[in-house]
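Lettered A, B and C in written order, each chain numbered from 1.
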Amino acid sequence: MTTSNPPVPVAPTAETGTPKRPRKLTKAEQRAIEAKTRLTSPWATGIALVMAFLWTVPTFGLLITSIRPQASIQNSGWWTWFTNPEFTLANYETVLTGSSTAFATYFVNTLVITIPAVVIPITIALLAAYAFSWIEFRGRDLLFVAVFALQIVPLQVTLIPLLTIYVDVGLAGSFWTVWLSHSIFALPLAIFMFHNFMKDIPRSLVEAARVDGAGHVRIFFRVLLPLLTPAIAAFTVFQFLWVWNDLLVALTFAGGTPNVAPLTVRLAELSGSRGQDWHLLSAGAFVALVVPVAIFLFGQRYFVRGLLAGGVKG
Amino acid sequence: MSGIKAPEQVDASSAGAKVSSSSTPISYTALAVGVFMILVFVGVVGLVVASFFNAVPEISWPSFLVDSNTTVKKLSLMVFVVALFIGVMALLLLLVDSRKRVPNWTVAITFVGPALAALLLGLIWPGISTIIQSFYGRSPWADSERSEFVGFDNFATLFTTPEFQVVLRNTLIWVIVVPLVAVALGLIYAVLIDRTRGEAFSKGLIFLPMAISLVGASIIWRFIYEYRSPARPQIGLANQLLVWVGLEPYQFLLNSPLNTLFLILVMIWIQTGFAMTIISAAIKAIPDDIIEAARLDGVSGMRMFRYVTIPSIRPALLVVWVTITMTTLKVFDIVRTMTGGNFQTSVVANEFYTQSFRQFNFGLGAALAVLLFVIVIPVVVYQVRQLRLSEEIR
Amino acid sequence: MSVRGRSKTTALTSVVALSLLLAACGGDDTSGESDGETTGSEGTAGSSEIDCSLYEQFGDLSGTSVSTYASIVTPESEAYEAAFVPFEDCTGVDVRGEWSKEFEAQIVVRVQSGNPPDIALFPQPGLLQTVVNDTGKVLPVFPETEAVVDENFSEDWKAYGTVNGTYYGFPNSSNSKSFVWYSPGAFADAGYEVPETWEDLLALSDQIVADNPDGDVKPWCAGISSGDATGWPVTDWIEDKMLRDQGAEYYDQWVAHEVPFNAPESVEVWDAVGSILRNEDYVNGGFGNVQTIASTTFQDGGLPILDGACYMYKMASFYAANWPEGTTVAEDGDVFAFYFPANEGADEKPVLVGSEFIAAFDDRPEVRAFTTYLASADYANLRAKEGFGFVSANQNLDVANVESPISKLAAEQFQDPAALIRFDGADLMPGEVGSGAFWREATAWIAEGKDTKAVLDAIESSWP
């Protein structure tokens, strides 16, 4: 986003450093573009509103449910809350303090699991996607299709073969297994998505950099990476969510002991050995939801801003 | 892997076209990196083979690496790992990036190598072993009579099970409807809210379901579909709506075949957020110049959508469609949590899970997984064609 | 030494106990019992309450640890950890519990991958059977432990933990399934008596239907939904009725598939159960028609009793934990359960039971010591005191220690010499049937009104 692009003969479609364009659009001009690119009929607005409403209602119901007392949840719909408001934090209290292990422990574990499990696969996938898009080597397309097809392998078939290897090398029960597994499982989709974004980058940009004497490494960092910011940000959010919400991988490879167990292990226990306690599940779901949504909103702002700036700032 | 394609057009290796490649000395550091990556490969293959023959030597790791029991230890381990990873990757890239001539294959293997090594260990090997297992009995790992070779028996069992046709039918419905509807809705929404005030917030609303785990989402929707007798107050929203408009409450999850659609709705609810986010990122990546040019030509509204937006984001639409198709094929949590596969709602993935982790018939489970691999072949073929097409364009 | 799962004060006591123990151990290894006396405070389980000498045969175990894996989760797991403490105090073994709802899928994965726990608490014997047969990694019950089992459990219970003639697992917590939940208050208000025979039960049901002509209140409520285990509560009904109508001998043959699943005797039993579960007049109070049984979770199934929408719900003793907070489970409380009655004139009292089973995967002295402890009466009594409806088939369990009234009732059933105890048949059948076709077809029987004979034929044909 703040790169000094190589002085390239810019193709008309390239968005960086077009000389005829002003460095920054004025507010008025931006608004003009916005107005024209949008579908501005009342119908459009209506549809968007209806969709947003429909998509939010189930989650909203969950939120209301989580602050209602247990007995009410079983006997009346959450919408009756509007006519008969009741409020309790007891559900949240149970979720946060009802375990013998401090809630913070699980939170830290989740964090420790998530950050490397997001950084590692995205880095590796970016490199691989670059090679599949811009480095010519024999068997490249075949290899790429193979990687792509690996998306269909269900995670569950990997559990026993992978765990066997982890046990053999003495890593079972540690964070390493979780980092490694999450990284591996994310790769096919990540490579596929990044590849698709990368190969659409105008050839002229890459060629120009080459003419300028840049090797693959420099092209990767200087030319492609900045243009991929939105795709990276989007995928980061998804990978973050998958890891954050994962129960199976952590449980299988690291086990459910408080030393390594993530938040989801605690949340899965919430409804007790036999019950399905609505009041706890709803509160638990909300606790789990807070961080991912914050990350999403933050990531949103980041990549929208990164894009609108369009690499011009540098 | 190691084959070097003859330089064509601009691909005059990374040394750059300006420099005559033959006269520059080869970068030995880069060469070393290439050899190192090959060794990594050999190591991974060796590990898999050794593990297969139970011949992996036990390694005693330093305890700070594998046994972090305090918050400080955990966090420092995390920082250590991220730093180590970035350090190693940076070092490799630095070494391979040289002013001197770098053999193309070393660059290629440095970029693709880590991904392939990881995939070999964690997906290719388990995938292959799944295919092998599908020809064995219940428990392919054990040294008992339950691990005997059964040929195509597992597949025969699959295709002769009476409910199997229903399972296949449901899977097809899922795999067609979910991507179609989720991409369509995601696209519409992304376009409608693009560059509007409070865009991030509007996106957040549709995105919310993504942030809930599949099981969590299933539980929410179970609650929505909850049925109570007409005489009592409803606690499920869907039935309350029916009651409000004067209809009888309905057993959404029980009555086949519509119940499959109500399960699919949950998946659409989740995946639309995924589609919307990726599509929106693609829309943002449409260069302003194109839009401006179109605008100057007097294009706007629906025509802008049809002739500018859609063609520009076509690749992203395909990515999303393919990805959701793959995900949908694999999903079983929704069916498992909401109906347990009863009431004629089961799908192949759910049968796979049930056979493997409920019945512990790993042979039959593997056969179902192989069936998933087969179902996805059309998608792979389609992807190959797309790849060819885009190569031609370039 | 573990302090998990206990309140701060008890944790503190245990730390004090630990330091005392360590101090004592430094001087004299055999002084275990006297250390224990300093720890028993305020009713907390202390080592003074158990016989430490039982574990001396295993040598000095201090500093070792045993990993335990179970499908029980918090808060119930905390009761287990508390009950392990006296053993830890005695021996110095650190018992590391791992508690997970995903136990059933995970245990097989772990064992197959070479990463088993030392000890697992199997939720049903069927799963133990599977793991024994499919992996061959389960160890037979250790001789020291078996000696203690023989002192405490009747011969029948040994049979359920035996696979292919080898004794692999002994019972942990058990439950009685032959219960019908009801509201004593509602019964009293309407002038109903607890039925003593099956005929009385049907008469009472008819009475309730007659007393509620508008059909708003039904005699029965039911729920069989349970995720991918949907249908299992029906199998309990069938088994209980099978035991009563066809007798224990036939029941054993039925479980072992020595008689076909679709024999005429079976059809009769299913029809008898159907006369309640598939009777629109009788079910499903608070939820709707017969079909709603399939969409109602078993956890929610009995709740309409509380608001008077139904009168009876047949469910095992562990359902005591499912009532909302503040519900009193007692003979004079909000809810209680009566014995699912036998037929008129029957001279036996059949009881259908289920149980968890403990099995070991590793042979080390501390593992032997711990399984021996788990088989002991000391453990059964200490664990019972911690509550959560725990009841053991241990004959030397003091019923007074059992916390909840319904579990007391179950404990009395287990120890009643006249009781005819039979294990949950579905748990003993092969997985394809017991946790496959039986559940699936029973669900179709309820939800789709599938013909009884067709259901039985389908289950019969699924038998491997």
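One rule holds for everything that comes next: contacts are C-beta pairs under 8 Å (C-beta built on N, C-alpha and C of every residue); 3 or more make two chains touch, one makes a residue touch a chain.
Quick caveat, the model's predicted, so the values are computed rather than measured.
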Q) If each protein chain is taken as a node and each touching pair as an edge, is the resulting graph a line, ring, star, complete or other? A) complete
Q.
Can you tell me which chain pair comes out on top for contact count?
A. A-B
**Q.** Separation of mean Cα positions, chain C and chain B [Å, integer]
**A.** 40
Q. If you average the CA atoms of chain A and of chain C, how many Å lie between those two points?
A. 42
Q. How many angstrom between the C-alpha centroids of chain B and chain A?
A. 12
Q: Among the residues of chain B, pick out those that touch two or more other chains and give their numbers.
A: 141, 357
Q) Which residues belonging to chain C are in contact with no fewer than two other chains? A) 109, 112
Q. Can you list the residues of chain A that touch 2 or more other chains?
A. 74-75, 160, 164, 168, 173, 247, 276
(Q) Under the stated contact criterion, what part of chain C meets chain B in this complex? (A) 104-105, 108-109, 112, 130, 133-136, 216, 225-231, 284, 286-289, 291-292, 294-295, 309, 431-432, 435-436, 440, 443-444, 447-448
Q | Sites on chain B touched by chain C in the complex | A | 138-139, 141-144, 146, 226-232, 249, 251, 253-254, 336-337, 339-343, 354, 357-361
Q: Flag every residue of chain A that touches chain C in the complex, lowest number first.
A: 70-71, 74-75, 98-101, 159-160, 163-164, 166-168, 172-173, 247-248, 251-252, 255-258, 265, 268-269, 272-276
Q: Note which residues of chain C are touching chain A in the complex, please.
A: 4-6, 71-76, 78, 81, 96, 98-102, 106, 109-110, 112-115, 297, 299-300, 303, 307, 318, 321-322, 324-325
